[in-house]
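Chain IDs A, B, C, D and E follow the sequence of writing; residue 1 opens each chain.
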Amino acid sequence: MNRVLPVLTILVLIIAVWYAAAILMNAPWQNTLNGRANLTDVPFHTFAQQTWAQDKPILPAPHQVVSEIWNGTVALEITSRRSLAYHGWITLSATLLGFAFGTGLGVLLAVAIIHNDASDRSLMPWIIASQTVPIVAVAPMLVVGLNAVGLTGLVPKALISMYLSFFPVVVGMVKGLRSPEGIQLDLLRTYDANSWQVFWKLRWPAAMPFLFASMKVGIAISLIGAIVAELSNTAGGGLGVRLLTGSVNGQTIQIWAALFIAAGLAAVLVALVGSAERAVNRRMGVRA
Amino acid sequence: ADALTLQLKWVTQAQFAGYLVAEAKGFYDEEDLDITILPGGPNIAPEQVIAGGGADIIVTWMAAGLAARDTGVPLVNIAQPFKRSGLMMICPTESEVTEVADFPGKTLGVWFFGNEYPFFAWMNKEGIATDGSDGGVTVLQQSFDIQPMIQGQADCISVMTYNEYGQALDAGYGPENLTIFNYTEMGNDLLEDGLYVLEDSLDDPAKVDAYTRFVRASMKGWAYALENPEEAAEIVVESDETGAAELDHQLYMVGEVSKLVDADDPALDMATYDRTVKALIDQEIIGAEPEGAYTTVVTDALN
Amino acid sequence: MTPVVQAHNLGLTFPTADGDVVALSDVNLTIEKGDFVSFIGPSGCGKTTFLRTIADLEQPTSGTLEINGQMPENARKDRAYGYVFQAPALYPWRTIEKNVALPLEIMGYSAAQQAERIKRTLDLVNLSGFENKYPWQLSGGMQQRASIARALAFDADLLLMDEPFGALDEIVRDHLNSELLKLWERTKKTICFVTHSIPEAVYLSTKIVVMSPRPGRVTDVIESNLPRERPLDIRETPEFLQIAARVRDGLRAGHSYEEMV
Amino acid sequence: MSFARELTSLQLYLGLVGGGLAALGFLASVPTLGSAPLITVFFALGAVSLARLVMPWSLWLDGLLAVFGAVALIAALPAEGVLPVHHWLALFAAWAFSWLFVERLTTAIRQGRLPHTGTGQVIPLIFGLSLLVIWEVVTRGANVSPVLLPPPSAIAARFAQSTGILWADFVQTFVKSVIPGYLIGCGAGLLVAIAVDRSPFLKAGVMPIGNFMSALPIIGIAPIMVMWFGFDWQSKAAVVVAMTFFPMLVNTVAGLNAASAIERDLMRTYAASYWQTLMMLRLPAAGPFIFNALKINSTLALIGAIVAEFFGTPVVGMGFRISTGVGRLAIDLVWAEIAVAAIAGSAFYGVIALLERGVTFWHPSVRGGRA
Amino acid sequence: MTPVVQAHNLGLTFPTADGDVVALSDVNLTIEKGDFVSFIGPSGCGKTTFLRTIADLEQPTSGTLEINGQMPENARKDRAYGYVFQAPALYPWRTIEKNVALPLEIMGYSAAQQAERIKRTLDLVNLSGFENKYPWQLSGGMQQRASIARALAFDADLLLMDEPFGALDEIVRDHLNSELLKLWERTKKTICFVTHSIPEAVYLSTKIVVMSPRPGRVTDVIESNLPRERPLDIRETPEFLQIAARVRDGLRAGHSYEEMV
């Protein structure tokens, strides 16, 4: 209760502000409409309701978004092309595949970096620079380029997800694999442990907290990657395509609904990584 | 069956009804073709897709096609179902634009991504500067809807007769509170949706034959769509994988598109072709008169 | 018999940003099998460095050092010694039992051998019953004892202990001191033991090495003639106090306030 | 074998691979001797490097070999058609030599045989240059369509030609959108974090939501922001604000808790006021966290502004140029813009990282060497 | 004269996840102005907790506590005491000089006063010349001395010191012990001093408080009759050893191996 109440308060506050903002932002257009229909002296509460019920509002009211989500998920068959669950699933599969690629690549690079000085020096600056490349700009070309070598569908999206999500994993894992203190490494040296043993008995377990912290960031970024990729790859649908077509057709409610589904997806994914983390922590005896 | 991939210029909508109907009604199957139709979008350049081998045939506007040819993608027009342009510029009365002379100092919304050539050709012809200098117009990269007009961010916006104009009508705009500049009526129209392939593929008679059957089936699709607008609109909605297409709007679009398409004759109209080429050369978008940018082998073989 | 440790003109210099630090200079020392040698000296005099050099964790820059007659590197590869660090250095994701098992796993002991040795050494340091606890569930002193158990689990004849009881209070320290003496007597191991405490050094050792800093060097080596059997109250005898006084003098000589601490 | 023993096994292996490939290439080019003389010479020299097994072979020789190989390859690139098969061996051999050079350079620096400053920075440069050479040789040598991926030389040429456009786009996107958006977003995040930190209730309410928001695909709001704030830089700055706000909020709140209990107790024993504790203890202790957010945000900001420009702009800006450039198949210009973005982004990140070194000099991660 | 510290049936219980921990129970203690009181006892007996309660860093759960006749909170707001924590707790972003200046800045001393006090107290702890170094550039002992300087910089009459010399070797400790004694004699401050070392407690104090854990309580209060003037070798006198023995007995009584360590 102690934790729920403050969150609820803030949520209620946000929703209230949102409704108010919807009136304000949709008012000019509503005035035009009413003017055109020769409606004058509309009482405020009617006017408010009008602004909350526009077809293509500048800011849809919360209940409009909720009902769009409801209509797009529960009220539809899951296989329907209009189903948001269907589009969510498409984005999710690209996200998960990209996340798996990204985590794998990130860990591999981190292992290379901590074991090889030359890799450390030559790779690190470019890894940082890679993230300053606007992937949204490269994505369309990448999709076409991969298409040229016969890769279509899920894989190009997953590769873009990977491009974004490997970064936090490399950075975190380099930190994590280097986190054992000198004395812990010295201990293994006194046992004449080989580097394989040093890795599995010391570096890897020591890096676990860093891995999970990175994966939480990574999975959220993977989702962004999948959405960005879908902006450049409309075939097959997905939440990004819903965002795009919503934007193309001026369907604001559709944009917001896609956005909220994406947000929910991100929250669930991060929570899943979090529970995996807790499970591993329990097995590793981390203090609760 | 011969497998061909068609890359559309835009998202799945009735602008491409002929192809979607041909696919849905089995006209391609009848011609022993296996067609994959790829939707496009604001970040997809069909010219690039075909250059990368991702498609065999693309739908694009002639100006963009010729410009691509100039940059080294040897595109060749094999058929031109769209005879007229659906492009317009509309200005609400508040903008106080009633004629071209009112443009200087105004902000105009224009679509880029290969759609900008007709506008610049028009301005070029009128002698109106577009580079932000005094006495010229301010150009906005317009989103693909009418929001900029509703919100007053632009004085005039670009619309297609079959799409955004319908949105404007829905939003309560109409001829009575709009000034409309129709590119076709002004004689400024450049050719729009045509079918393009890569030049070297035309050396292969089997390919040419497949293209011919493709165009024949597609035109059959167009004819069917124009005769049965309701069914065509339903097919479009059904074909849209994103679930964003709305039946009413697609029906409107079929109706408007029917005014632009000649379902009986997909051959290139040379007068408009010449105008398009001249406009591009005037603007220095292409360097010289293109050679071999179109072929009549396919349309000739149809009959 | 070859000595366990033989250092000859041993020197070790650390190059650092603001100049070289001479951690060890001209150290000559012989440690025989069965010796209990304490190292005492002010902070920074090179006690830890000397132990680390024996353990092949640092490389001497001059002189020679032999462990059991061979190079330190080979001695390390032979697993000739057990090292107890100044901090417990237990791995937090392993239970006490698994921490003690660590060297055994690495050295390839069978599961049965591991179990037997874990039980024996945890008994020895009085930690039976805590096998499945994680380090953070134990007090600092218990952790330190676990780290001693870990060093004892494989039978190295040489034990290197760097201030193992530094973090403990006097009473617990007394207790562990007498336990350590008993262990030493029973197993006849050779022990090198670093401490800051004069009574502790005198109480435990057969030989006390007094060191002094800048440069780190050995200033005195005191052979203790106390009997091997040492009750706690030996510390109030005049013999004991006499040795303690000599150690204190040696220490004080190597000290000067302004520069060191 | 004694000279080879100075090398690590990886280095020895690279040397053998480079030398072996070169020897193979030399044999393969005997029939066409004289068609690409530079490459043949490179093959010969590369094969000679196998002598490292029996005599000392300076690391600088390996560096020279790599450079020579790169130059020979680029000189031999055909104007049309693809590179002859055996020339690809030269690419692999040159790569092996440059890698070997980098490995040996690193070893030399670590062993103190070369000064750290100067040479240390050369290593990533060599790596980057190798990538560029590979890119150039592959795109031109394998005849990749410039519409798909232009070679770096074409991008560089376009860059040099279009500095005017690139500069105008940079000003529009970076100076007008990114910088103000970044400052406002980070500033607001910091202030809200401080405000939230004062009230446990607010903190309990805002933090879960803030954590949630910072994980969201905020990029998705770009079309909405364009709708709300118009076409010009304001909507881009708004996207940047939204993207940078939450990372700063979350990090700062965490950072304000970073001061240890004992450090706070110390302040309590002095009966220090809230503001004194904030300014003298908690903000300095939060420094590393705040800089973490500043660094994350420096890459996010540029990406956010560019995405937002995809949804409507005046006809200038990096995102505008990129999105319309693809439509016009001006792919070399697009890559020139991407290069500008990468350079600007890296420089931005670098400046923040330098600032961090200066401000949080005391933190172990900074004191302890490389960040 | 009002006593500096007056505890009456003082109790403090920490509620924790696995039950309450009684850190202090029924503590009765009076400390007069000018006393030097040492607290000694096994780990976890509540020494730190008692000092923290005096400093108003913990709230008693029963009984009363008065500092200079007022509530601890008011005493804290009066800046009645200087506290030296068990760890140095120097701020790493401030130089030694600036660390010592911290309380002075907070209490609003002028720049000139600050400079004068910094110089004086750094001299006192023998750290002149290190003004512009950062804490991590100093050894642990130097850091601890800097934290003592910081507590001395403003003239609180009561000094609370929690094992300030724990990290130092015996020689340095001896030195600082006699410096502390001199300071105490000269300034007539009241000092509460936590230590693990019996000789240290006996050497320094006018009053030794022996504590014992579970629940934390005072088991013995020993008034020392040693003269105020104490050369280091007073530690070999019978009077000294006698007090030390009494302290040791008191300590041992509160100890039992299995549970504590």
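By definition in this document, contacts are C-beta pairs under 8 Å (C-beta built on N, C-alpha and C of every residue); 3 or more make two chains touch, one makes a residue touch a chain.
Small disclaimer: the values here were computed from a predicted structure and weren't measured.
S.K.: Tell me, which chains sit next to both chain A and chain C?
M.R.: Touching chain A as well as chain C, we find no chain at all.
S.K.: Could you please state the distance in Å, as a whole number, between where the Cα atoms of chain B are centred and where those of chain D are centred?
M.R.: Averaging C-alpha atoms per chain gives centres 40 Å apart.
S.K.: Roughly how far is chain C from chain E, going centre to centre by Cα mean, in whole Å?
M.R.: Chain centroid spacing, chain C to chain E, equals 31 Å.
S.K.: What's the distance between the Cα centroids of chain A and chain B, rounded to whole Å?
M.R.: From the centre of chain A to the centre of chain B is 35 Å.
S.K.: At what distance in angstrom does the C-alpha mean of chain E lie from that of chain D?
M.R.: Using C-alpha averages as centres, the distance is 53 Å.
S.K.: Could you pull out the residues of chain A that touch at least 2 other chains?
M.R.: 58, 140-141, 144-145, 148, 231, 246-247
S.K.: Give the residues of chain C that touch two or more other chains, as numbers and ranges in rising order.
M.R.: Where chain C is concerned, no single residue meets two or more other chains.
S.K.: Multi-chain contacts only, two chains or more: what residues does chain B have there?
M.R.: 42-43, 45, 48, 52, 143, 147, 151
S.K.: Provide the full list of chain pairs in touch.
M.R.: A-B, A-C, A-D, B-D, C-E, D-E
S.K.: Help me check something: in the complex, which residues belonging to chain B touch chain A?
M.R.: Residues in contact with chain A: 11, 38-45, 48-49, 52-54, 143-147, 150-151, 167, 171-172, 240-244, 246.
S.K.: Within the complex, which stretch of chain A touches chain B?
M.R.: Per the touch definition, chain A meets chain B at residues 29, 32-33, 36, 56, 58, 80-83, 86-87, 139-141, 143-145, 147-148, 152, 231-237, 241-242, 244-251, 254.
S.K.: In the complex, go through chain C and note every residue touching chain A.
M.R.: So the residues of chain C in touch with chain A come to 52, 55-57, 76-77, 79, 81-83, 85-87, 89, 91-95, 102-103, 105-107, 134, 136.
S.K.: Which residues of chain D touch chain E in the complex?
M.R.: 260, 262-263, 265-272, 276, 280-281, 284-285, 287, 360-364, 367
S.K.: Which positions of chain D touch chain B when the two form their complex?
M.R.: So the residues of chain D in touch with chain B come to 145-148, 223, 226-227, 230-231, 309-315, 320, 323-324, 326-331.
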